[in-house]
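Which chain is which? They are A, B, C, D and E, in the order written, and residues in each are numbered from 1.
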Amino acid sequence: MQKIGVFVCHCGTNIAGTVNIDEVVENAKHEPGVKYVAEYPYMCSEAGQSMVQKAIDEHDLSGIVISACSPRMHETTFRRAAARTKLNPFMLEMANIREQCSWVHKDKEEATNKAHALTRAAIAKVHHNTPLFPGESPVTKRALVIGGGIAGVSCALDIAEAGFVVDIVESTPSIGGKMAQLDKTFPTLDCSACILTPKMVDAQFHENINIHTYSEIESVEGFVGDFTITIRKKARSVDMKKCTGCGACYDKCPIKKIPGEFDEGLGMRTAIYTPFAQAIPNVPVIDREHCLKFKTGKCGLCETVCAPDAIDFEQEDELITEKYGAVIIATGITPISLDKFGEYAYTSPDVITSLEFERMTNAAGPTKGELIRISDKKKPKSITFIQCVGSRDVAVRSKTYCSKICCMYTAKHAMLVKDKYPDIEVNVFYIDVRTPGKNFDEFYRRAVEEYGVNYIKGQVGKVVDNGDSLWIQAVDMLDNKQIKTKTDLIVLATAIEPVKSVRNIAGMLSASIDTNNFMTEAHPKLKPVESPTAGVFLAGACQGPKDIPETVAGAGATAAKVIGLLAKDKLITNPCIADLDPYYCNGCSACEKVCPYGAISYEDTEINDHGKKAIRRIAVINKALCQGCGACVVTCPSGAMDLLGFSNRQITAEVDAICR
Amino acid sequence: MPLNPNSSFTPLIVAFCCNWCSYAGADLAGTSRLNYPAQIKIIKVPCSCRIDPMFVLRAFQKGADGVILCGCHPGDCHYSTGNYYARRRITLFFSMLEYLGIEKERTHLEWVSAAEGNKFASTMRKFTEQIHALGKNERLEDIR
Amino acid sequence: MHIQNDYADQIRLISGSQDLKCMKCGRCSASCPQYEEMDVRPHQFVSYLQRGDIDALMDCESIWKCLSCFACVERCPRDVKPARLIEAARLLRIRRQSDDEFITPEQVPALLELDPDIPQQLLASVFRKYVK
Amino acid sequence: MIQKQMQERAKQMLSLGEVTCVLGWKKGDFSTNPQPAVFESEKDLEDLVYDKYCAANLSKYLVELTKKEGKVLVFLKPCDTYSFNQLLKENLIKKERSYIIGIGCEGNMQVDDDMQEIGLLEKCQTCTKTAHMVFDELIGEELTVRQGDDPFEGVLNLEQMSSDERYGFWREELSKCIRCNACRNVCPACNCRKCVFDNNKYDTAQKVNASSFEEQMFHIIRAYHVAGRCTDCGECSRVCPQLIDLHLLNRKFIKDINEFYGEFQAGADTDTPSPLTDFNIDTDPEPGSVHKRG
Amino acid sequence: MFKMAKKDIPNMLTLLGESMDVYAPVKKGKLTNFEDFTEGAELDIDTLKTVKSPKDFFLPQVENLFSATSQGKEINIEAKALRDKPFVIFGVRSCDVRAMEILDSVYLSEPVDKFYEARRENGIILSLACNEPGQTCFCTTFNIDPAHPNADGAMWVINDNIYIEARTEKGENLVKLISKFLQEGSKNEIVQSQTAIREKLNKLPYSDLSLDGLEGNQLLDLFDTPQWEELHKTCLACGICTFICPTCQCYDIKDYDTGGEVVRYRCWDSCMYSDFTLMAHGNIRNSQKERFRQRFMHKLVYHPDNNKGEISCVGCGRCVNKCPSSLNIVKVIKSLAVKCNV
């Protein structure tokens, strides 16, 4: 039998104005199991709370009822108060005699009777309350970052600095991502490599960071705090431990005409290669598709020249399985394919994307930073930039969203051209110029005002490659004139989209993804770096178009959230979850089918049925996943499944008490 | 009160409200001081899918004259799918009660969001009138 | 601005053009081969519709100058369909004129004799424009 | 003759060790009451019978029998195979521990207090299940399809009554109940390890109907718990000693499910989700709209 | 010995109804059971066996024992009143009459069950000879003579008349109440009918059912016999047999909170149920085999052991007809008797 204390709050006159508190108190005294009843003007006040605490200790109460406002208001307050005593905080129930009584009823007698009934129901429920203990699930103090771009690397560094081990999985042979391909960054025009590569090196040498390049996620199991993830390290054909990164192998490689991915196909690479000079790790990869040794069995020049004997043609994919507490998706973006944009003559070597332009102006790029036309290697006399290529476009080939970064990088490109070659005529066709951000609009205005970049409000309708030059037809809407002119080089501000592989990764992590394949946030404003799946976090442009400052800032936020999770030794879970009596479970699987969280599985378990042991297939609840909705409880016909905190007995007791 | 002043009958009505929408809606009705009859007594459940038909029968057995169930609007469930299951269960169960000759007006399901304090109060007013018109529940009450 | 009147609604109905979707990028005018011949330019069509100034649109040269090549429809990133819009304006114009203003199919071969190289597309366009 | 074929095949399988026991019907003291039985030897099988009195649905016995090692040869009539599938779907039967021989059926007879045949059982009068949904082999000839009565006629008649008449009908019917639990225990869908009405963990345990309410509670909840899982095998009505038309409750749920959520036959397969563990966001009706229809 | 016209029975019962409750076999739909005989009820004395035996007039399926109410912290307990109004049960068959004697041996031996005793004292049983014994009857096995039923008064239906013979004081008092319907009859007039009944009995399928092998002290032999394994196998664990059995007597005691008070009641229980004799530690009979064995060991062995060899089965045959799995006590008797004879 419970020893129940009832505490009735006046809430000033909020309750006492309509409800006869004395009567509620008097009635409560006669309820079974009630040992102590008290009233107070403001139960939630410091004094009120200590009164509750004192009564619990003095009267050895086993359960308490607070008749006051809505539990949505102060249940947590009073649970905390109870927790400061020896009472389990879940031995508390609230009767809502304010929002659902005194505030909605005028007749004092009716309101008093109802307050009594609600208090009675809460007392009846407390009789069946049991102490609940928030579940604990272990936290593996290790994070996995998927994607080794600036988002992944800076997030990993932040987490590693906090003292947690971080693994980075990168699908290409080197970390660095899209930022490594860039020349300068807006709006400061500092060199991309100069700010990125130190971070990459930091990551490489950080004692808490392990980098798995040329690797992919193979499988994911588990849940927040306790993921088990298998990583496939693709065969590099080069022993990472032995290789010194001397570069002799790719110098000697006879296959030299493979369009290099890092240079966006503008420059060539060998079959054994590192994507770029500052690659981390500085260990080459053999592209088995093009390598002569793999294609014909002959060659092996690299093996011959490799002093440390690092070349290993027999190397196989390696699977690494590791436990993680948190996973960060930082897979980033890539420009869309322009195959279906025939009007821009992208097939012409002198029509290039902005990212290609970045490689072309980069001193380490295919042209050593020299701005030339690919077709005739001559310096262009005029360059035309076209914005919104594939962005803000409802056609299937395009993206409906604004790619956000193009206005700024186009201004940057235009400015850089003008800075280096003031004689080149630069035209930019735009729909709108969108440059909100610190020093962003000033940056764009500088391009116009200081560098004389010609911004034309209008679009290019078509581009024709005449061989020696490009002919364009466009419109200047402000002038209301059609422009038909020649230009030497066209740069397309191509829309960006999430990398294709993110769908698969999101699927494995059961993180949700929107129609554009961008990751969905748990809440767009309040949980902007968490996915709806607990333990899965987001960083960088996988969430939506982002520039570098935003990406790095966001990655820091993500890191903070991850650190917050990993800093815990145990995760505290909601204790009001499904609870199975294995003895009654007949293994019919109905509950499993209605669980929205996949928290129920079935296992063959040994049951002691009154001394008779039997192996039965019964439901097993994953306490970390269960959110306590109760769908399974009602689906279970035998009552084997129950819901802690809202058990069948508790609810029927409330019903009985109300109907008495 | 629009209730029949000549009748001494005071109905007893049990309302089951899901924690996330309807209970919050009821709270909002309170904060907005929207009157509804005191015969409505609310029991909080985490989700409309927690409402077992047994609870409804239990309430009738113990003398309730009406039972009203409230949950989040379809599509708004805090647990994503709870109210879809509830909708099927309750639809079939109410249909069965009607088939057994229990007055269909004694039971009702209403979707009330956390923002619909007004709807909560008006629904409760309407339902109470309905039960009042029906009179005492005799068909399902336990006579022991 | 989105004026509704009978003509404007008729144009929307006939063309399926969604004038509010236009973001004034100018891709239509940039793509138009007849741009120089037009008094009202493709990117302006939608403004007339939005203003509800359909009379002006029906009286403009452009409705006869449009080649119905549909380059603008093809290029438009917002699916506004300028050519369909102007075609609808033309239809309204034609419905308003009297019968003797129309050419008949019999007259067409005579027209064609003038230039055997006349493109088929023009022929199609002619019929689109001048036949009720 | 089919009975002979069944005996021969069962003996053969037993002797070859392909099965460890045979679940069929055994000759009773009266020709009209054969008994469901488990045969373990070829000699026992001499007593195996199969005739129009073998009404018992053998599927439910498999729940216990397939818990043990070995393999059970079971003879199933077409309607019984639906129950088998349903039990399979709920993981209560181990398929690999059973071998189903489908047998033809021409309808089973109802027997009076004096063990005399008095016409077809209700479940056979309205039979729609003429094909085996699952089997390993078939014995006997293809069935002649009976022109069954409309199974939903009874439900329809009730639906057309006034609320008061319906209430009166059910009061009369359900007050006959003596809570012997035969309907529940014979029901293949009632396969809970412990029925919620026997479960002392909750306040729901009822050994008897202590009030008129409890009869209703038991039967409403029982029908609700098997809704979407009931194959309409008709055993509940067959075994009721007080001749309550219990199938009228189950068929109401079946009819409603068909009307609200599309045609569904429990036990027709093992994959289709049960209507109560499934939903359709767009097409599921609201309880209010259903009322209006009625 | 009296006789009266059969057609006068309803009027006679109505007259009785003025001074006592009257229960008689009443037909409702396809069912005949003992019910309150009220105006308009369809009396059915042709149906041999009611579905339920009349035992629930003495041992109701549910019976409130006491109620407890609390006022403040005070608890008041009020015992439910004992039966004090007389009643008559009209048309009980020989087997069911014997069943009452078996129940008496349980409930009227020390400690006497007051509720049962009060009902028994107020109850008058008028029995009825079985003109047409049924196929499933085997009362003769227990030396019951359906041609000459016991009870407070016995009745025979012969053509359009009904013969009544008072056997006890209660019976004689009852006869006086209805004297206006009666005329003198002679015992000789029923002899022919009795002979006919006995001849029919000899031709019944179970007429030669023998209890040989069940006598004597062989409790352990029977308890351990492997037959149980075979016998119980298709038992569904329902309670049909128990609840329709005229001699099954077990009950459970439960409490019910009505809100205003807590009622303690007792209700029939069945040893076939998995929660029969459930105790805090669990159940002593964990398998259906053990529960099945309990029922028949009780009827055939334990009860006779404690009651001068009287087997607690009366051969009414209800279970033979109603068991969903066609299991019954006859099969058990046959199996066990054979086993022990060997």
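Definition applied: a residue touches a chain if its C-beta (ideal position, glycine included) is under 8 Å from a C-beta of that chain, and two chains touch if they have at least 3 such contacts.
Note that the structure is a prediction, hence the values are computed from the model and not measured.
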Kindly list the shared contact partners of chain C and chain E, in label order.
A
Quick one: remove chain A in your head and tell me the pieces the remaining chains form.
B, D, E | C
Between A-B and A-E, flag the pair that has more C-beta pairs in contact.
A-B
Most centrally placed chain, judged by C-alpha centres
B
Cα centroid separation, chain C vs chain D, in Å, comes to 72
Averaged-CA centre spacing for the pair chain D and chain A, given as whole angstrom:
51
Chain B to chain D, mean C-alpha position gap in Å, rounds to 35
At which residue positions does chain D touch at least two other chains?
194, 196, 204, 210, 276-278
Two-or-more-chain contact residues of chain E, please, as numbers and ranges.
256, 259
Would you please write down the residue numbers of chain B that are in contact with two or more other chains?
54, 62-63, 81, 85, 89, 142, 144
Chain A partner contacts - residues on chain C that touch it in the complex
21, 23-32, 35-36, 41, 43-44, 71, 75, 77-79
Which residues of chain A touch chain B in the complex?
70-73, 96, 98-101, 103-107, 110-111, 113-114, 117-118, 121, 576, 594, 596, 627-631, 633-635, 643, 646, 648, 651-652, 654-656, 658-660
Residues of chain A touching chain E in the complex:
30, 32, 609-612, 656, 659-660
If you look only at chain D, which of its residues touch chain A in the complex?
90-92, 191-196, 199, 201-204, 225-226, 273-274, 276-278
Give the list of chain E residues in touch with chain A in this complex.
70, 72-73, 257, 259-260, 281-283, 286
